[in-house]
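To start, I am sharing the structure in question, which I have written as structure tokens.
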Amino acid sequence: MRAAIAGASGYAGGELLRLLLGHPEFEIGALTAASSAGDRLGAHQPHLPQLAGRVIEETTAATLAGHDVVFLALPHGHSAAVAARLAELGGDTVVVDCGADHRLADPAAWQEFYGGEHAGTWPYGLPELPGQRERLRGARRVAVPGCYPTSVLLALFPAFAAGLAGPDVVVVAASGTSGAGKAPKAHLLGSEVMGSVSAYGVGGVHRHTPEMEQGLSAVAGTPVRVSFTPTLAPMSRGILATCTAPAAPGLTREALRTAYEVALKDEPFVRLLPDGLWPATSMTYGANTAALQVTLDERAGRVIAVIAIDNLTKGTAGGAIQSVNLALGLPEELGLPLTGVAP
Amino acid sequence: MRAAIAGASGYAGGELLRLLLGHPEFEIGALTAASSAGDRLGAHQPHLPQLAGRVIEETTAATLAGHDVVFLALPHGHSAAVAARLAELGGDTVVVDCGADHRLADPAAWQEFYGGEHAGTWPYGLPELPGQRERLRGARRVAVPGCYPTSVLLALFPAFAAGLAGPDVVVVAASGTSGAGKAPKAHLLGSEVMGSVSAYGVGGVHRHTPEMEQGLSAVAGTPVRVSFTPTLAPMSRGILATCTAPAAPGLTREALRTAYEVALKDEPFVRLLPDGLWPATSMTYGANTAALQVTLDERAGRVIAVIAIDNLTKGTAGGAIQSVNLALGLPEELGLPLTGVAP
Amino acid sequence: MRAAIAGASGYAGGELLRLLLGHPEFEIGALTAASSAGDRLGAHQPHLPQLAGRVIEETTAATLAGHDVVFLALPHGHSAAVAARLAELGGDTVVVDCGADHRLADPAAWQEFYGGEHAGTWPYGLPELPGQRERLRGARRVAVPGCYPTSVLLALFPAFAAGLAGPDVVVVAASGTSGAGKAPKAHLLGSEVMGSVSAYGVGGVHRHTPEMEQGLSAVAGTPVRVSFTPTLAPMSRGILATCTAPAAPGLTREALRTAYEVALKDEPFVRLLPDGLWPATSMTYGANTAALQVTLDERAGRVIAVIAIDNLTKGTAGGAIQSVNLALGLPEELGLPLTGVAP
Amino acid sequence: MRAAIAGASGYAGGELLRLLLGHPEFEIGALTAASSAGDRLGAHQPHLPQLAGRVIEETTAATLAGHDVVFLALPHGHSAAVAARLAELGGDTVVVDCGADHRLADPAAWQEFYGGEHAGTWPYGLPELPGQRERLRGARRVAVPGCYPTSVLLALFPAFAAGLAGPDVVVVAASGTSGAGKAPKAHLLGSEVMGSVSAYGVGGVHRHTPEMEQGLSAVAGTPVRVSFTPTLAPMSRGILATCTAPAAPGLTREALRTAYEVALKDEPFVRLLPDGLWPATSMTYGANTAALQVTLDERAGRVIAVIAIDNLTKGTAGGAIQSVNLALGLPEELGLPLTGVAP
């Protein structure tokens, strides 16, 4: 299978390439980008020596066409346009949008949080959600979830699927700086972020909020609202999300844990940690895994689920390839690392 | 004024010394510790060259007696014993407990979260709380608040004092590793914490939880419960606390901000940031300040206050000296840094 | 092939396991350790979920015997004893010493830098050194080089092999903290190492010094002396070594680069970077590669070679497996990552 | 005394302001910058709450004139022009160039390393160099040394002044990222620098090289050449420089240490550490101090001096104020922190 990557010089593009180089069924086709077109890939991704000499092409539908899979790791608003042109060119290509353009079903939510024309929805690339794995088998289009929604949905879907949590969700998450991308900005300089944790996008304005509400509401079968506060932590990779929701009346810690064990027992990439061990992002560094723990705060009457993922792997590129494996009829785990890199 | 420091080789002790060296009214008296007694201070606090040759003595009431102020930076359970012996020795010494022994008024809460005998309460060293400044003037005993409660109480007291928030508080906070102390433990090694955020003390079990509830309930005049989740971030210093509570019906963003402006307008150390700027711990590195921002999440119906402090400065040693200034009739700001060290 | 790992709960042991899990020819046999014997591996290596339930056994020759390969990741002085007992038990096991016991040929150097009985030398596991690859094919014993010597020998052997550098070598290297191991020590706490670079082992006393001199002298065919200063940098992994030596009279930058291109052109893991690009440890994070650049400082008359490796991968566990591949007649690159994890 | 700062929104400007706010003899006058003119200072230096509301003006000689001291924290090439216009306006202002324009005496070296017109030299602001303190008393112009030369000259001048070291110096230094400034560049993003040490400016091309050679040659009374390699470490502040030179024949460790003790015994800011303790940049974080240790590598025949400074404090802004204190006839230590901020 030949895969093309649009946005090959960015962080998501680099992670797609790292994982595809270790995938037994893929070879790397066209590499494209915008401002770095014409450069050697080695100038932008020096950790991928095998591809150092490859030349980055300009992102056009013509360049991307003719591959078995096209991964679009582009700013929101761009992938919909490229995907539309690819569709006109025909062919049986699987198109994977690592951006936001095809995630939200509600045009009003799209309009409020992103603006511009709503491109519609594609199959949502989170196989762990109830029923979702089946929808991804054989799909020709995949909308890769946002990194924060990946973490929050994995952390809370077992509670909502079992009716154990109420709809007033509060999430606070810490992300590594790669989530903010590679475009140079003063507040993302090493001098600014090292030794400092900061908040941003506070007050219900972060674009991933409606995506979390969409996913949890579907699982719960009733509207769920999410108060979401993201923070930036001094690390390159990783998300640690603390997700809380009111506990259903009479809920016990044992019943809660059992619900999680049942929901996750066959999941290859989501690991419910042994009792007493709490997630650290280092457990999942570079791996397509999630490390999850849940408890009941009896004092406050809330379910507390904490999850760690690598925002670039399970949160973006690894999650994308997991869905592509399903789309292409390959084993879901194929080529995806279970082991993190630690310490 | 002569000040003695018990626990001089630890992180809180080192910060007390750093600040007292810059305070015009203090000279450094006895320095004591447990396992490092007999060592030169320079072996433990190499950033304090002026005191490098001073010898650390053993922590005994006799050594600490006869000073104008004694700062106890000891593990919980130890300061109550030392304080009791100091009281027997008489004198007019101001005794400052930087540990937990004299914070909680409720013996049952003490028993549940700390265990052992309850030592009673001392005046609570957070002058910003309503009425608290007056209680600290002339006090001979000060219970320094925990670092997390300092952040949470400062962030939420204006909302509760004005009746703008409901009692179902959810707090998630990130702390630098110095909050976990200097005793060598494998999970605090640099190799483990760099590049990783982790959760701990989840589910209503962290010892600072009842202290937060005690403080907020007093301000609110009604019981407030707190769901508190602490996390460890890859930085040496700093706390960023995201504090949320249900918004009172009909609350507007403007009314919320006005309440904060009114509550904080004369506070020398708590700074409500300009609209649109959110706190980063780097704003307060090494300073006795808090950087605070608040907004209304209209979608989720919650007040969201985010605050940054330096856990060792405003969160421990600086807060202690601020209260001592009041106790001794000195200007409250004397000798306390307003400027952080950045970048 | 079945591999046993002695020292499975430490950093080198964890990295061996991470790599062996991705190696197509190995299955994991006995896992042993000292103080953590009896624990589940998951308590010590939470990034390796596949092995979380495995129980760590005590390190004895009997437990390690009967495997195709035994990796000894033990403190110096320990591996020689275990290896001797393994030899008594017979069998065709390949024994790989990741520690120092079998690196130094000169008993006096051993005595001076390590003390105690000299265990003799085993084939030195750095296949890139002239003639060394052949010596490792079919070997039953491998002495894995120290992490610093790996970096310095790779950086300078092309210059010495071509007679382009004089014997007065000066090396300053920065290492991540995992090089100092997992035993909890106060100076290795995150609070101490984050935001700080420090020197240690200065003045010709670091134990890796005679190993560097041994290797470079052999390549040069004449005694080479090395002034080596190690420093500790705030990162978990990686070594960046700046290696300088007097330039041979008349040496030009072009002749120097050509010598490096010739020496390295068939090396699978050592990459001479394109002109103008200098190494960063992030280029090799988690990979079995070295990123190398060289230039001539014409002003000072010195060859300057700078190299980046991952101290745990190419510097220890990856280098070990590379040599084992040769010893077992497998392809040298088998199972070893060429791609780093970045950013 | 009123001080103006040109370049107030950058890192050097911010550090000057932090220190001047704590200096008893200064008030802050005009704050100027280029692209951030018109902004509030709080948008750029949020750690300085006292000045948050001050408006940044455009950098012109007219705005800067009329102050007792003008600090120029500008890119090289800019300060010479501003200084020339200030001189035309007359007055008795002390002008302090924190940039490179007035450091190098040799026009050819200026031309080779910086290019453009050579502005001439001003009194060199490193009072610790032999005879230099006297030259700075009453000076009206001060050329603040580069951050790297500050570290290297302090580390090696005692050896060269005493004739104990030969002229073939090799220096490798690690710097925090603030040394690279605040202009956003991709390679300085947090995602790139965290977890990574990298080399740059290798091979005798870094602009601080001729400044080191100028200073050491003057002390030695004979030409000294320096091979200098800078590296970038994952920390915001700090320089750790490892400085080596051939030992004079017959030199002993004791004689070397004595020479350092004699040379440094009255220096208020340079601290020779106790035997056996090696510098860490955390010892000097935010302080105007240098932490220095020296030894003799008898094996390699080299003097090894290792020094830690804060590049922004002693390396730039603190060093500048120290010289200004001398220029204005104030006590040299006035307003300069001796204590670092640690951990």
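Per-chain residue numbering starts at 1, and chain names A, B, C and D are given in the order in which the chains are listed.
Rule of thumb we're sticking to: a contact is a pair of C-beta atoms (placed from the backbone, for glycine too) under 8 Å apart; a residue touches a chain by one contact, two chains touch by 3 or more.
Going by UniProt, the chains are A, B, C, D = N-acetyl-gamma-glutamyl-phosphate reductase.
All values derive from a computational prediction rather than experimental measurement.
J.: Quick check for the class: compute each chain's Cα centroid; which one is farthest from the centroid of chain C?
T.: Checked the centroid distances; the maximum from chain C is B.
J.: How big is the rotation relating chain C to chain D when the fit is done on Cα atoms? Please round to the nearest 5 degrees.
T.: 180
J.: Just curious, how far off is chain B from chain A if you go by their C-alpha centres, in Å?
T.: Roughly 37 Å, centre to centre.
J.: With chain centres defined as C-alpha means, what is the inter-centre distance between chain A and chain D in Å?
T.: The separation of the two C-alpha centroids amounts to 45 Å.
J.: Two or more other chains touching the same residue: where does that happen in chain A?
T.: Those would be 11, 178, 182, 189, 191-192, 194-195, 234-237, 280, 282, 285, 343.
J.: Any idea which chain A residues touch chain D in the complex?
T.: On the chain A side, the touching residues are 11, 176-178, 180, 182-186, 188-195, 234-236.
J.: Chain D touches which residues of chain C in the complex?
T.: 168, 170, 172, 174, 189, 191-192, 194-200, 202-204, 209, 225-227, 229, 231, 233-238, 240, 242, 244, 278-282, 285, 293, 295-302, 304, 306, 308, 343
J.: Write out the stretch or stretches of chain A touching chain C in their complex.
T.: 11, 14, 18, 21-22, 42-43, 45-50, 52, 178, 182, 194-195, 236-237, 271, 273-274, 277, 280, 282-287, 289, 291, 337-343
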